[in-house]
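What follows is a set of notes on a single structure, which appears directly below.
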Amino acid sequence: MNPNRTKFDSEMQVRPDDLDMNRHVHSSRYLDYVLAARYDQMARCYGMPMEEFIEHGFSWVMRGASILYKRPLGLGDWFVVRTWIHEIRENGVAVAFEIFRKEGMKLAASGSCDYVIVDGASGRMTTLPVWIIERYSV
Amino acid sequence: MNPNRTKFDSEMQVRPDDLDMNRHVHSSRYLDYVLAARYDQMARCYGMPMEEFIEHGFSWVMRGASILYKRPLGLGDWFVVRTWIHEIRENGVAVAFEIFRKEGMKLAASGSCDYVIVDGASGRMTTLPVWIIERYSV
Amino acid sequence: MNPNRTKFDSEMQVRPDDLDMNRHVHSSRYLDYVLAARYDQMARCYGMPMEEFIEHGFSWVMRGASILYKRPLGLGDWFVVRTWIHEIRENGVAVAFEIFRKEGMKLAASGSCDYVIVDGASGRMTTLPVWIIERYSV
Amino acid sequence: MNPNRTKFDSEMQVRPDDLDMNRHVHSSRYLDYVLAARYDQMARCYGMPMEEFIEHGFSWVMRGASILYKRPLGLGDWFVVRTWIHEIRENGVAVAFEIFRKEGMKLAASGSCDYVIVDGASGRMTTLPVWIIERYSV
């Protein structure tokens, strides 16, 4: 296993419907951006799109998330969502993230999300298969 | 069939995450409010919750929507979504709606949504069964 | 004035949080995509970003929208939002739109949005200035 | 100051547009529910609606949030958002929350949100005034 796992980047742009009444990205939308980045990176960087998990009878469930807000993103901002596996556990993974406003690459938010792997049929938490651990150990 | 079909009301409150950067309810959220009212009224007023449709192997698909905005809803406003079947067609229904700010019952928006009924297995448009027409003819 | 006004395209990708319980883009989000395309195209294609309107003391308010759904967009789909001014009125514009799934450029949805121009200070509808009409007559 | 601050409850219902492709409430929406509960409780329970903060030249900014998911909420579920001030700091407050599915009052999610108070004009973090501390010490 690789203790220094690769960090991957996804680029996106703020949509007007992401803004709150203060003209900043609504606080909960940053977690949506992380989710979008994970879907992108699962397919593009780990070679294992969500559809493949589902075909193998697995699903990911989020068990927790934490986020710190540094600088708000605003209308039309392009941003980079960087994520990496920072811990592999028996039943899941912890994914760390950083979101940067693209211009100047200043940190907008950072945090982590805990996911467990569940059996798609029973909906119960299961053991992370070795082949998934291997694909995630890049 | 009843040419003057009953209008039903659902009451809801604007959530802060519904607001746009102008501190008004985001224009697309009014259609979400109509959808929420339909789910509520299908179960509560027509005695036919969405789950029952799905158990019968049907699903509703929206084919079109139109909306006119009169007065914006704002932070914390309570509002009433009134909907009624204004046309029953071979393959679906047209649902008319009005959204009122509860205080003073002033019209905020009005419009209509066209739904077709599809076979859940094939995903294809099907003929509206008589028993559904009857339940909707109140 | 140009009777055949230019159509402009913006490319975007479906985010996971755009999906509804049927794994299709939620019906109201298509209007959010149109709004995002307009912001992009106002700045990039008409040379008149929303911020410039606001600096001039104007704001756009949506008065109505209509949409027809043809084919659903799904997880991760790239799509193209094409919009154009199809009518210039005394107090605003009607914008037509088409949304295509990028792969194969099949139509996903089409429709139009009516906007009026309001004075930012009073919030009242005003007359569309000639310089805006000119910029929109491309 | 009261070390055992009062917990307040707000009741809400899941809207269909809150659901994700797994027919559960989308993970980020729980934070929207907490925000909605805070607005409700600021006005109804603390006697200090957000508008009053703004009139006094203040605004609240979220600096961080953490959430644990226990059981998913689903279509049409009524739920209770319980929040309380669990720490008052020089520049802000930490608000703890629990979200229960109303039927059976089973825990759906829990967590906390950190807010700082900012001067509305400068946008800078400021010192929490005594009168706000007093109102929050119930």
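Quick notes
Note that the chains take the letters A, B, C and D in the order they are written out, and that residue 1 is the start of every chain.
By definition in this document, a contact is a pair of C-beta atoms (placed from the backbone, for glycine too) under 8 Å apart; a residue touches a chain by one contact, two chains touch by 3 or more.
If you're wondering where the values come from, they're calculated on a predicted model, not measured in any experiment.
Distance between Cα centroids is largest for the pairing of subunit C with D. Comparing chain pairs A-B and B-C by the number of C-beta pairs in contact, the larger count belongs to B-C.
Measuring from the averaged C-alpha position of subunit A to that of subunit B gives a distance of 34 Å. Between subunit A and subunit C, the centres computed from C-alpha atoms are 30 Å apart.
Note: centroid distance subunit B to subunit C, computed from Cα atoms, is 24 Å. Within subunit B, residues 16-17, 22, 26, 28-29, 32, 35, 75 each touch two or more of the remaining chains. The touch graph of the protein chains shown is complete.
The residues of subunit A lying in touch with subunit D in their complex are 22, 26-29, 31-32, 35, 59, 61-69.
Listed in rising order, the residues of subunit D touching subunit B in the complex are 12, 15-17, 29, 32-33, 35-36, 39-40, 43, 50-51, 75-76. Across the interface of their complex, subunit A is touched by residues 16-17, 19-23, 26, 28, 75 of subunit B.
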